[in-house]
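Each in structure tokens, the structures are laid out below.
There are two complexes below, and they share subunit A, which is joined by subunit B in the first and by subunit C in the second.
Let's turn to the complex of A and B:
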């Protein structure tokens, strides 16, 4: 065999490196730089301003609360759905197709759809009124009803983005040979035990991917919140948007962006550590 | 009591009939080997007995109880899977302990039984390893140990020793037989290794094309095959089949004549290679030797009888050379007569 020319692999990945550099790394470095500078010198002024803003702690609290509620609900729902779909003998593909329809809808459109349901003159109020359950329009999404606003946003997020978890988990389930579950069944494991002792541990790598993806996206939640609550429900990405466009303060917006990134990276690191699968335990 | 009655079980995959009315009775504590070529339905039958697959018709009765509609875990059996199905995320110890854990056995008992099964299969030094770090043969032994550890009343094994080297296989086979006999375990043991089936089994069921062609003791299926397939599948060399015409109770082969059962039409004479003896200068069945292979314990002669391929086993000291025509004498009582049209053996006189 002729000696392999050593520059070929580098040449082959060069285009993607250039692409990543131009459209990802450079803006990233710029954003980080922007967040840490005031005029031309290094400074924490933007971060100070961000932290001292009235909405900051509210945005942090809301974002975490939303993530802590939405992601576990999505994972549990997706696990249940994936288990059921993979048990289907007929119509598996069509079921999966229907379940993933929300994935094809942009998050803003999803937010607007839920707004049409839940606003004062929305379908929910009309239905409740028609049933005689309410005397007139009830506000679900106002500042005075923070909890119903929160649950509306959580429900919309769950509806919109559970399917991505579902798709990843179904792919993972398909990789587990059915003999493992069968062997467990022969040796006396009930369905719930089989799920807990066999399926779940073997699904760990897929769960890890799904959790990382969903958590990172949950920390970036924006369009659905914006459509349903506007600034009545401040979240981190929303604050970044406000500082950028309404306050025209790019430095504080960048600080928010860097904060979101830091939180996402930390969450990813936690998942990688907690849900790691030792190589010898892979099938 | 854990006898197994398989009653006219039919299994279809789409339009393909994998099992056609299979019936089989295994007595309590009996060891039955299921022997047959690849794809004949051995695994399918085992999976139906275990309850992992639902039969289209027929019943499975274990210990007098119709288990056809019972979940696998309620059937009181253990199984060794053809592809092992050893849990990758558990250590060897936890794999072997799995059944006992499901029975909520006390820790001391789990430890004792796991260690016993592990030492029987020579895997005691890998107990805290993960299966990915084991060889195929070691993994297979983990699967066997996992099944033995629960001391089941009924044990189904799907080619449990197929991945071991010849020496280890022989050793495991002997130990397995001793342990199962001692425990009185009713065992169905799938294999396509006939010496394994012969050595282990109380009875052998020979399967072919989704049917059980014959069930009997190793000696019965070997000496008196019920079909052409069974005769050809068992024994090394396989049984020879010579087409003959039978007239007035005698079949003529060359200059020789052999008494044959009354039948009309084409008959085939089934002759085991070792049931013929050389008769130098005699007037027996003429055999044209083409190849002589010294096998140590015997000579394997390949040639033709009446223009049809045949293999004969001769004593290692016999003087035979390739190209020679020798005469063979046979004991008529050891011959098998096959109906050429149906492939089934004729009833013996």
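Let's turn to the complex of A and C:
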């Protein structure tokens, strides 16, 4: 690092600062402003309208339920994947490639892929029919079957977004010196103990980033829900989309956006606090 | 940026050789289940995409391609608006790559090579974007985009997608440039290169593979984004926005064809960057 500061670094970061200012900070302030304004004055009218909407409590419940089910499952599944891949003697590269493919797949495409599996004349029903469990095509994704619709959406989300958790955790595992685990093994620690007392605590920073990233994205869940269930399963981001595009009511849409941001920030703060690592605990 | 997947957890693989055969069987079974879990939905949506109307309603289905024909995919591409949406998606993703690398890489270089006041504030700004659902910020932009003539253009969409990709690009290029010894650059200065020439001739060639990986991620981020693209376009939709729009009224086999087209680039790109995947995300998730 050079001793004196010149103008060069400022010139280098300036374009991105201006850009983030224009398309991140200003829209952020605008959204908050828009949500609190009705006509020309400050008011809570938009929030009142949001809360009194029929779909509101459903959307809140569904979004939280989905996050609470999907995120923990993803973390456990990703840990299982990482552990199994590390035990493979050969074919590890191709196994990792296949396991990380969903990383690049959009939520919309994920929803459509699971639609192919779960639609009335789809492959799940064909398999159940072949096993003699159902007499003919059965609907899983309608309003009359809220629970199977919920599990279909959860499955598609787990399918799509476990890959990102896996990649972050593997990147974290690479940072942990193998000597720790080997030392514990010499002292007679069993695999489960080694995992719980050594790997897991040292993996905390990676777990934290994975959880923050996944939780923020889970509260934004939208396209996968639309692809599988249409309007039958209201979620927060879906309501924001509907108020903006169909109802043309930007104020209520902004209120939903602020709600989603508040929840995301709160979740991030909780993770930062609960999973904080003291510097001396870093690998 | 040299970490490859094969270096992963060597001691475990050494132990793996001595796994008893029952446990090895269990391991391979579990692995097969996980791989099938990932691949089977992709296979089925591909069958749906190439099966046409007949294939979608065939009952009961077999897991083998019974109605496979390229014609049904061609039919989908010939629908009015599909090709246009595909081109819009490519333009938006291309512009996102351009903007996020052009804006992000200089910032990454500054963070890697200089210590300056405001450095931490900049880092905070970049990390702050992580805690927000960014695509939602497209909501208030509708009005100002209409005023500026950016509404309903792939260019306008790419601006929002750059907000998503830029922080990622800055963090990844930072560690990329940190991995290139500054002595190389200093040597070039000694031989009479200006700072800029030294960067072009010495640093850039070394950084190129990592920059390519960054660019590919930016492409995928834009290609896959649904919410902002749907909010900011009406006629000039991107492919995701188009598919979301027609979701309710289009027949199933068209939806599957659209889903399949969305998936293809992801599969290829993840294959292209698989060596960088863990290094890149290890950095970006810090």
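Here are a few things to note about the model shown:
Keep in mind that, in the parts below, the second predicted complex is superposed on the first by the 272 of 283 C-alpha atoms of A that agree within 3 Å, B and C clash if a C-alpha of one lies under 4 Å from a C-alpha of the other, contacts with A are read in each partner's own complex, and residues count from 1 in each chain.
As a convention for this text, a residue touches a chain if its C-beta (ideal position, glycine included) is under 8 Å from a C-beta of that chain, and two chains touch if they have at least 3 such contacts.
Please read these numbers as outputs of a predicted model, since none were measured by experiment.
In the three-chain model built by superposing on subunit A, subunit B and subunit C fit together without any clash.
The vertex angle at subunit A, taken between the C-alpha centres of subunit B and subunit C once both structures are aligned on chain A, is 80 degrees to the nearest 10.
In the superposition on chain A, contact of A:201 is made with subunit B only, not with subunit C. When the two structures are aligned on the shared chain, A:182 is found in touch with subunit B and with subunit C. Legend: residue contacts after superposition of the two complexes on their common chain; A:76 is shown touching neither subunit B nor subunit C.
Within the superposed three-chain model, A:190 lies in touch with subunit B and out of touch with subunit C [touch as defined at top]. In the overlay built on the shared chain, the residue A:108 is in contact with subunit C alone; subunit B does not reach it. Subunit A has more of its residues touched by C than by the other of subunit B and subunit C.
Measuring only between alpha carbons, the smallest separation of subunit B from subunit C in this overlay is 7 Å. Contacts of subunit A with subunit B, set against its contacts with subunit C after fitting on chain A, overlap at residues 182. Interface residues of subunit C facing subunit A in the complex, by the touch rule stated above, are 3, 5-13, 15-17, 19, 27, 30-31, 34-35, 37-42, 44-45, 47-48, 56-63, 99, 102-104, 106-107, 109-111, 113-119, 122, 125-126, 129-144, 159-160, 162-163, 166-167, 170, 195, 220, 223-227, 230-231, 240, 243-244, 247-248, 252, 255-256, 258-260, 262-263, 265-267, 269-271, 274, 277-279, 281-283, 285-286. Listing the residues of subunit B that touch subunit A in their complex gives 50, 52, 71-73, 77-79, 81, 83, 85, 87-89, 98-99, 102-103, 129-130, 132-133, 146, 150. Residues 177, 179-180, 182-190, 193, 198, 201-202, 277-283 of subunit A are the ones touching subunit B in the complex. Interface of subunit A with subunit C (complex): residues 1-2, 5-6, 8-10, 12-13, 15-17, 19-20, 23-24, 27-28, 30-31, 34, 80-81, 84-89, 92-93, 95-117, 119, 121-123, 125-126, 129-130, 136-137, 159, 164, 167-168, 170-175, 178, 181-182, 205-206, 209-210, 212-213, 216-217, 219-220, 222-223, 226-227, 230, 237, 240-241, 244-245, 250, 253-254, 257, 260-261, 264-265, 268.
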